[in-house]
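First subunit A sits with subunit B, and in the next complex the same chain sits with subunit C.
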Partner chain A sequence: MRQRSSTGRKTFVLFNYFILTVIAAACLLPLINVLAISFSSSSAVNSGLVKLWPVSFTLKSYEFVLNKPEFVSAFIVSLKRVIVGVPLNMLLTILIAYPLSKEKSEFRWRNQYAWLFVITMLFSGGLIPWYMAIKMTGIIDSFWALILPGAVPVFNVILMLNFFKSLPKEIEEAALMDGAGVWQSLWKIVVPLSAPSVATLTLFCIVTQWNSWFEGLILLNNPDGYPLQSYLQTVLVNRDMSLMTSADALTLRSVSDRTSKAAQAFVAMLPVLLVYPFLQRYFTQGIVLGSVKG
Partner chain B sequence: MKVMNRKKWLAIGLTGAMAFSLVACSGNEKTEQSSASASSQPTSTESSESVAADPMGKYDPPIEITAVRPITEGTKFKEGESIDNNNWSKAYQESLGIKIKYNWTIATAQYDQKLNIAIASDDLPDVMEVNAAQLKRLVEDDQLEDLSSLYDQYAAPFTKEVLSQDGGNALKSGTFDGKQFALPKMGSGLGQTHVLWIRTDWLKKLQLSEPKTIDDVLKIAEAFTKQDPDGNKKDDTRGLGINKDIWGFYAAMEGFFNGFHAYPNVWVKDESGKLAYGSIQPQMKNALQKLQELYKAGQIDKEFGTKDASKVNEEANAGKLGMFYGYFWNSGWLQDGKLTNPEMEWTPYPLPSIDDQPAKAQVPFAINTYYVVKKGAKHPEASIKMLNLVLENIYGATANPEAYNVDKDGIAIFEYALLYGEAPRKNLDAHLNVMDALTAKDDSKLTAEEKGYYSNIMAYQGGDNQFWGSDKMYGEKGSLSVIEGYFKNQSLMNDEFFGAPTQTMIDNNATLQKLQLETFTRIIMGDSIDKFDEYVKKWKQLGGDEITKELNEWALAQK
Partner chain C sequence: MTNLRFRRQFPYHLMILPGLLFILIYNYVPMTGIVMAFERFVPSKGMYLSPWVGWKNFEFMLNMPGIYQVIWNTVFIALMKIIAGVVVPVVITLLLYEAKSRWFKSSVQTIVYFPHFLSWIILGGIFVDILSPSTGMLNEFLGWFGIKPIYFLGDVNWFPFTLVGTETWKEFGYGTIVYLAALTGINPTLYEAATMDGAGRFKQAVHVTLPGLLPMIVLMTILSLGNVLNAGFDQVFNLYSAQVYRSGDIIDTLVYRIGMEDANYGVATAVGLFKSVVSFVMISVSYGLAYRFTSYRIF
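Presenting the complex of A and B:
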């Protein structure tokens, strides 16, 4: 089907592309700036000469970053976190969403259970009770402190639940008629049919696991076990200059480490940037499927 | 009927949940209180008996102290070392028999947050560092050990000397109702006074003289803006640098205001001897008026409101800026500019004044960190002993700075020490000693740190621009010589308030600071100067009067 091309339509398309280009540029330019800084020499950066293209090109900061043991170990912790955390997130999401997607006639306490989860989204205990609760479980200062407190992403559960609900009931009924058990029907029928939403939620989980930094800072007792983003937070955050002592000033005198900061920020972005294109396929598919089936 | 029932159950359940959470909360409070009172009973009496009060005495058998601490970003360790195993942890163990166990460590920027959680969840170590507000809160909650008599017994003479080198205000600020609860982390207020940095190569090129008065400053700013000092035939240079916060350590305006005998953000004595807030005094108005004129004439960056210190620094290094007020170590930030363009030359000058009265540089209160001991800690005197050891090993008569301060590879070993402090005059003395050594051509009398500056300056004089920044600080015409001048002529204005923030300050300071920044930024950008009077009125209404009253009561109590 070809579009009719009236003048009005043409201006609209033109205008559309223009706006989208501006928005895309606004998203891309800071990234490119960071990239350019990371490839430039530090004296050029501190003189404010670097815009979108590296000035006096050098790989020094990448060499520095990749030889920095803290950075490498934090990177590994983050990878571990994604490898352990995301499957656990998804497993729990599916196991919770599936029964909750059933009608009340099939699962009598469905609503009560659903509320139990939703309440945790609406109300939180606050930072101190949260901290104390985790402390009492004894997982503080261990790798599991990064995984277990956030193991059930309730928001994802609700998204999953709604997707399960939208699947035609008849398919599952047919499977049950043919003798499949509940487990079989979940793993062989429901989950494969929900591939787009599973992929989308997996992406959400990966991004959340990769990006969260706060738990690391609060729940771990020393920087050795920090995941990458907690580590970056300590490196990149702007310091409160009003609290600076002259001893700190000593370290600041040799401040010009912006290039290595940029390199670290960029390396930290890479994994998520790399994962995106692979999962994006499912992203669009998920939307299309939804719209066709209604 | 059934529906009705459900709803009832839900209601009962929810009420139950609420009641439970209430109980849980109050239960918590109770345990907190009881644990506090329980731990307060066995106090210091026994420990002071067991060991004779020897400031450097060794514990035998060794003891273990728990602690938490921030670690400055970028702290480096030598191979195989860590915060638990380094020169300082060894020194504590070998000289004092103290083993430190860190409950947790964290980067400086997040320390306050994590410590607040620890305070709230009653999870304190024996020794920790706190800020003034946290100190006050802990004292009010009766969570800290009273160190008064222990300090008298255990502090070494040198420690007492360093801690009272600022006239005793530092110690007083950690004292509540006559009881000393904290050891201040000493720092240098003098190191936070402003000097005027000027591109002297431009000054020479345009045949201008060095600034003596504010009028000279204004003339220079105009010339640097209009007469194309970099000779590229473009209108791309600016006279005076200013950062978006207006105040601070680089391209900040305190020094400019001081030239008008105005003292923003500090407390000064008015004619009647009472404490008054510097930012609301009438002298401020004149300074703001002049800044407005500079802005109008394009001598201040039109977009200064969006540029922080490091952005302004980029412009200075790129050769777009000719003058700014800042701290003595700012030449370190200009080092990159000097390397890119060896012609570039910055020289620090003392603050010019508006009239024939010399300008007084304002000196902020330098202590913002305190070391405290948890109430009921088994060895409360251990922290004092550790501080003795630190000051002695870094600055004392038997000091070994190479092992304990900064080693020959430039690794900052002092960062590993749990308690730390810097003699307020350290940098100034270093400058004077280095100058003596340079005249005598003999560095044998210098400490290791000073030897470093000495060799840097020698290298710079030998033509190595890499050490230009050091020369501009510690060298003959360096910024420290300017500050030494302030000190000699007593052209200094101390912040008269050095206590913990009062309740009204804690509640309102953020609002008042914001009000001030907004008003001043607007005035500089062209708003009517009468807005200043409005600001003064608002400041008083929004808690300023209350704070003034509280601080005057505090001042009376200090006498």
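Presenting the complex of A and C:
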């Protein structure tokens, strides 16, 4: 029905594909450039030869990065953070979202509770009181400072709640009729039915946990406990020389600042790249459940 | 009767309890901590018992050199981001919608959505490299057209635009996905009717596709109004330097420096409170508007 080929139309189609290709390239090229730099020798990089393909290919930068104890230990802290933080995030998200997805007639305090959570998205005490409150709980400088303050991802709770609400009521009602308790109904019926959204939110949580850097920087005084992104903040962005040992400084001469930074950026990106195909499979679903909902 | 209802609803309370404790401790206790904005903080006395100074911290804030510039920077950067964050994804959605090859469409989507998931730490490292005036890829590219190297991250005049550009680069893919999702709801018979009436593809885009997107555009715009004081701490903090403070310093980075670097807790809390209050009003208004115009509800 919609085909109406004219020369104008053909020009537009070509032009359209061209523009979109340029746009996609603009998103991709910076990442490829960094990748190429990370695989190139420092002399090639310093003389400006490296564009989108490695010049005098070498794995030196990666060797340097993976032999750097600070980098490796920060990488492990980040992994630990994902392993501990994501299940906690998801457990709390589901446990809060389920009762809040009930009608007011089924759960009388639903609206009051829901507002209590929503208000935390609208108003905050600001940086310093947040820091002081965390300090009062005695977790400053410990691993738990990375986990507990952000344990409840309120925005995800809202998404989950709206998804639970969209499930057909009859299935759960039938289960409850048959004598299942609400706990059973939650874990055996509601959660399995919501598998796509649970998967989406889990992936979002993984990325969020992996990418967080501010808590580490503020709440940990000792850089030994830094997760990867906090550590990289000091390396990639701040160029804090105090964190560099003299041995590092020596190797840096052969590895060059640029190639080692590129390698570190790429290694830090790797886990996100790995989960991205899965993220992508669910993302439309995930976003639709968040935004299009009227 | 009440007893029975309570027993039935008891598990619900129990489910909420752990999460509730977390937000009480890490969200509501900090809210009570805004009293610090009216105190001169003394470490030995703590958050609640430090000496009361009334509005002194706010007076100090209003007399800080450059505070109005910082507020202006924040609003200017945030507004430009909001505008670019609506216009760019909408235009690209319209273009993508016209591309008929499914393979091409999904490849483009996959690529442009990816930067959304990278942190400003990694992107900070990447942009510092790419935007460098001497060795950066972008300046080299511009050089082909005879454009002299631009110091995107170090030039006071360029810096705000660099922020808007890089933010848009990172986030437009996300917006595109949202708008494309909204387009799936358009009734295909509308296009058939438009073709019958002799509308070409361009007219169809303007008269069918764009109106189909409009509710989502309105919703996203309204909801983003709550961000007028959020110029993006993560991004600015990782890209700025002392030489661009004049145009690039924003409220959040100022609070960070006053609080964390100068340890002036009272003033930092006061500035933060100012931001929180204004943001709260803006978000409430925007949610109210969103409910009125698109019957959007949070939950």
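The criterion applied here is as follows: the second predicted complex is superposed on the first by the 238 of 294 C-alpha atoms of A that agree within 3 Å, B and C clash if a C-alpha of one lies under 4 Å from a C-alpha of the other, contacts with A are read in each partner's own complex, and residues count from 1 in each chain.
Note that contacts are C-beta pairs under 8 Å (C-beta built on N, C-alpha and C of every residue); 3 or more make two chains touch, one makes a residue touch a chain.
No experiment lies behind these values; they were computed from the predicted model shown.
Student: First (subunit B), second (subunit C), both or neither: which does A:Val118 touch?
Tutor: second
Student: Please work out whether A:Ala151 is in contact with subunit B alone, subunit C alone, both, or neither, and reply first, second, both or neither.
Tutor: It touches subunit C, and subunit B stays clear.
Student: Contacts for A:Lys104 in the overlay, against subunit B (first) and subunit C (second): which applies, first, second, both or neither?
Tutor: Once the two structures are laid over each other on A, A:Lys104 reaches no partner at all.
Student: Looking at A:Ile19, would you say it contacts subunit B, subunit C, both, or neither? Reply first, second, both or neither.
Tutor: Once the two structures are laid over each other on A, A:Ile19 reaches subunit C alone.
Student: When the two structures are overlaid on chain A, which partner does A:Ile37 contact: first (subunit B), second (subunit C), both, or neither?
Tutor: Only subunit C is touched by A:Ile37; subunit B is not.
Student: Per the contact definition in the header, classify A:Pro223: touching subunit B only (first), subunit C only (second), both, or neither.
Tutor: first
Student: Return first, second, both or neither, reflecting whether A:Gly48 touches subunit B, subunit C, both chains, or no partner chain.
Tutor: In the superposition, A:Gly48 touches subunit B and subunit C alike.
Student: Could you say whether A:Leu127 touches subunit B, subunit C, both of them, or neither, answering first, second, both or neither?
Tutor: Both partners.
Student: Please name the chain, subunit B or subunit C, that touches the greater number of residues in subunit A.
Tutor: Between subunit B and subunit C, the winner on subunit A residue contacts is C.
Student: On subunit A, what residues does subunit B touch that subunit C touches as well?
Tutor: 48, 127-128, 131-132, 218, 233, 237
Student: Which residues of subunit A touch subunit C in the complex?
Tutor: 1-2, 4, 9, 12-13, 16-17, 19-21, 23-24, 26-31, 33-34, 37, 48, 51, 92, 95-96, 98-100, 102, 106-109, 113-114, 116-118, 120, 122-134, 136-137, 148-152, 154, 157-158, 161-162, 181-183, 186, 207, 210-214, 218, 229, 232-233, 236-237, 258, 261-262, 264-265, 268-269, 272, 276, 279-280, 283-284, 287-288, 291-292, 294
Student: For the complex, which residues does subunit C have touching subunit A?
Tutor: 5, 9, 11-13, 15-16, 18-20, 22-23, 25-34, 36, 46-47, 92, 95-96, 98-99, 104, 107-108, 110-115, 117-119, 121-122, 124-130, 135, 137, 140, 169, 173-174, 177-178, 180-182, 185, 191-192, 195, 200-202, 204, 216, 219-220, 234, 238-239, 252, 255-256, 259-260, 265, 268-269, 272-273, 275-276, 279-280, 283-284, 294-299
Student: Tell me, which parts of subunit B touch subunit A in their complex?
Tutor: 71-74, 83, 102-110, 113-114, 117, 120-121, 123, 131, 185, 187-188, 191-192, 248-249, 309-311, 313-315, 317-318, 327, 329, 332-333, 336-337, 339-340, 366, 368-369, 412, 414-415, 420, 422, 427, 469
Student: Would you tell me which residues of subunit A are touching subunit B in their complex?
Tutor: 42-44, 46-49, 127-128, 131-132, 135, 141, 217-218, 220-223, 233-235, 237, 239-257
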